[in-house]
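Next, two complexes with chain A in common: one pairs it with chain B, the other with chain C.
What follows is the complex of A and B.
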């Protein structure tokens, strides 16, 4: 592990600096059957999120009388990693589904829809470290696309530690062979809805990592905003064109 | 004029989009309307859309631009299933609103009072509706979810035989069971059996 050099002259393996995100691509409304959807690329991560609902809860005993329940399914495609992954949920994806759901739950105004469910499906098509954060970003935009009332969007990204240096948005090699990885999700007002960590960090490094990840989230938030605004102002223009004709 | 009002005006004129979490104004200057929420004395948008401010009532709401959820309003046409028939009230479980067929109304119950079933006198509600019937109705009070089937095109659009549950067919203005030849009474919609809403 220690023989690997991750940082040379302040430049990382893929040519980024410490505080740089991987290139992001987002598209809203990619699925016609879902109520809301979003496709997202964060570097080599490719995820697609679909939102259905609010709709009837089945099985019935899961429903809550005073609010909507949220179901979040994080799933990795069998071809998303180097070695074929056995399809279906496993320990890891159950955990990620749970924490991702809890990252989005606080912003969704669930009390408007008693006895119903909002289903969020996140499929990872290609994985390169940081799929849960990409999933949350995509799901948050897909929820906005579905017109589900929310307090705000949620943005998510990770900070890690390689070669003793805190870096933003670690890619696969940095995550696998690095010293720590810490994904977070925050709202634009700075409330943290997800915070996980593996590996070791000192207190100072932890603070530094949070600050760095927050900065990354702000940048992602700007991109999320932009794609939503582009999508819907375009829609409006099209409508205007139609009425003029 | 305060800066926030100008800001809102700009948003109105420019038709700029607001996203969930964008501040519309303070709760002191406006009344929060639909697709907004109040937090810490401020009004924020809860969906993606365009801000609309009513100059009379100072009602600030957001007109959704994304795939909007169906909101039931007076005059809307809805379709539902009869789940209970009381002395002078029919209870429907609403399925969807006309025009929003792909977006179901989640777990919403509505009622039709005996006086809103049709324009003439109704002696027995059981002669007008049967359990599990599919009904097309108009919303007369969206707050209390009260419906009416008075117009010609409102009423039962699909019914089942009360003894053998076979779907009934319309024959010479009456409903007949193709299995057991039983005839039944309903407040029929002109849409009965057409498969249209």
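What follows is the complex of A and C.
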């Protein structure tokens, strides 16, 4: 049993309240060679997403005759964690790649590009709990930057249970020593495309966590939208009108 | 304003009849499919700011030969899909053995898209007076999303350019543009085309380009 206290008088270790996200920074179009790209910081997480495609599939046998396939590669750089991580994919990377791809597939209109592939690469440069959610957020923006037709963006963040309390966007220590961690991804219309959980929650706590995480995702969606719209600032006066739903 | 920047999923209209290119309909409303500029005319359409060129029947394109098979040239048309030029679509009747003599790997052609099937097999043709193998002039490549702006409403921009620049211009929908004229005029033409690409999303561009060309000529003396 831990003697450590993570929440005191409603304030967490890093000074946040239970429903506050960590500071976010996003930049679009950072890689000139990629068709679309996005750099994102979520707290101390630093990730970069690159999108290539649609392009010819190699090896050919993977191609689908009437749609594009999506390849998502989540990878952590050796220097992204305190103890040097051996380079290359491990079981965790394969899992994160698969669930992240499945978080984005429902919104991408793959039928527009038969026999091709849309390659998404997410590289974690610095990790501090929540890298898969940061990756999905950056990948969404990079896909838009690449001109890929989508029903909407996808926004992602996690809720956790720390000191018995449901909190938004756990950082590393909260994730490592907390009782539960639940990353989700949703579309702006509230449809869930990613839902995972580590740990234990009661039904009520789970409902609370979903509501809290959804709110966090909505805030992230506003930031994703703003970074894309602001890029072409000639149209400043019309920015606010597009997000009515 | 009848134009504005939108992202995928932005709500454009509650009237499903107005759904145009780059939009989709869901639950009786029209949404954007793309990150681009929405234009609000009778039909609402979204023009992408980026993306790959997808060949459509009737498009003019400039292709580069990358392979020769038994009776087809295979061309790179700056798209995820290759263009196929069958020997029967070559303007002259030639034998299969002579294919590489008339059009070899690395050469460019001004072609038209004859057909695109659902599996994205793209057939090209050179059977038209204005099409053929490129032997003179220069080819420049811009983002294909800027080509509509280069052509202008009803061809207004491109007609002005042909006149003011004193060059022959062939605009490929795939973003490749061929110009032909004397050396100085071609230099100015290329600079002008790249300028239009950079400023395609701004207002009052046509007039600014006319001024740019006039100033450049005056400076030349």
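In this text, the second predicted complex is superposed on the first by the 231 of 245 C-alpha atoms of A that agree within 3 Å, B and C clash if a C-alpha of one lies under 4 Å from a C-alpha of the other, contacts with A are read in each partner's own complex, and residues count from 1 in each chain.
As a convention for this text, contacts are C-beta pairs under 8 Å (C-beta built on N, C-alpha and C of every residue); 3 or more make two chains touch, one makes a residue touch a chain.
As the structure is a prediction and not an experimental result, all values here were calculated from the model.
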Quick check for you: in the superposed arrangement, does A:209 touch first (chain B), second (chain C), both or neither? neither
State whether A:185 touches chain B only (first), chain C only (second), both chains, or neither. neither
*First (chain B), second (chain C), both or neither touched by A:66*: second
_Contact-wise, after the overlay, does A:47 reach chain B, chain C, both or neither (first, second, both, neither)?_
neither
Overlap of the chain B and chain C interfaces on chain A comprises residues 35-36, 53-56, 107, 109, 113-116, 144-153, 187-188, 225, 228-229, 232, 235
In the complex, the residues of chain C that touch chain A are 1, 3-11, 22, 24, 26, 31, 33-36, 48-52, 54, 80-81, 118-120, 145, 201-203
Touching chain C in the complex, chain A uses residues 35-36, 53-56, 65-66, 107, 109, 112-116, 144-153, 187-188, 225, 228-229, 232, 234-235, 237-239, 241-245
Per the touch rule above, chain A residues touching chain B in the complex are 29, 35-36, 53-57, 63, 68, 107, 109, 113-117, 144-153, 187-189, 225, 228-229, 232-233, 235-236
The residues of chain B that touch chain A in their complex are 15, 17, 19-21, 35, 37, 39, 44, 46-49, 64-69, 103-104, 106-107
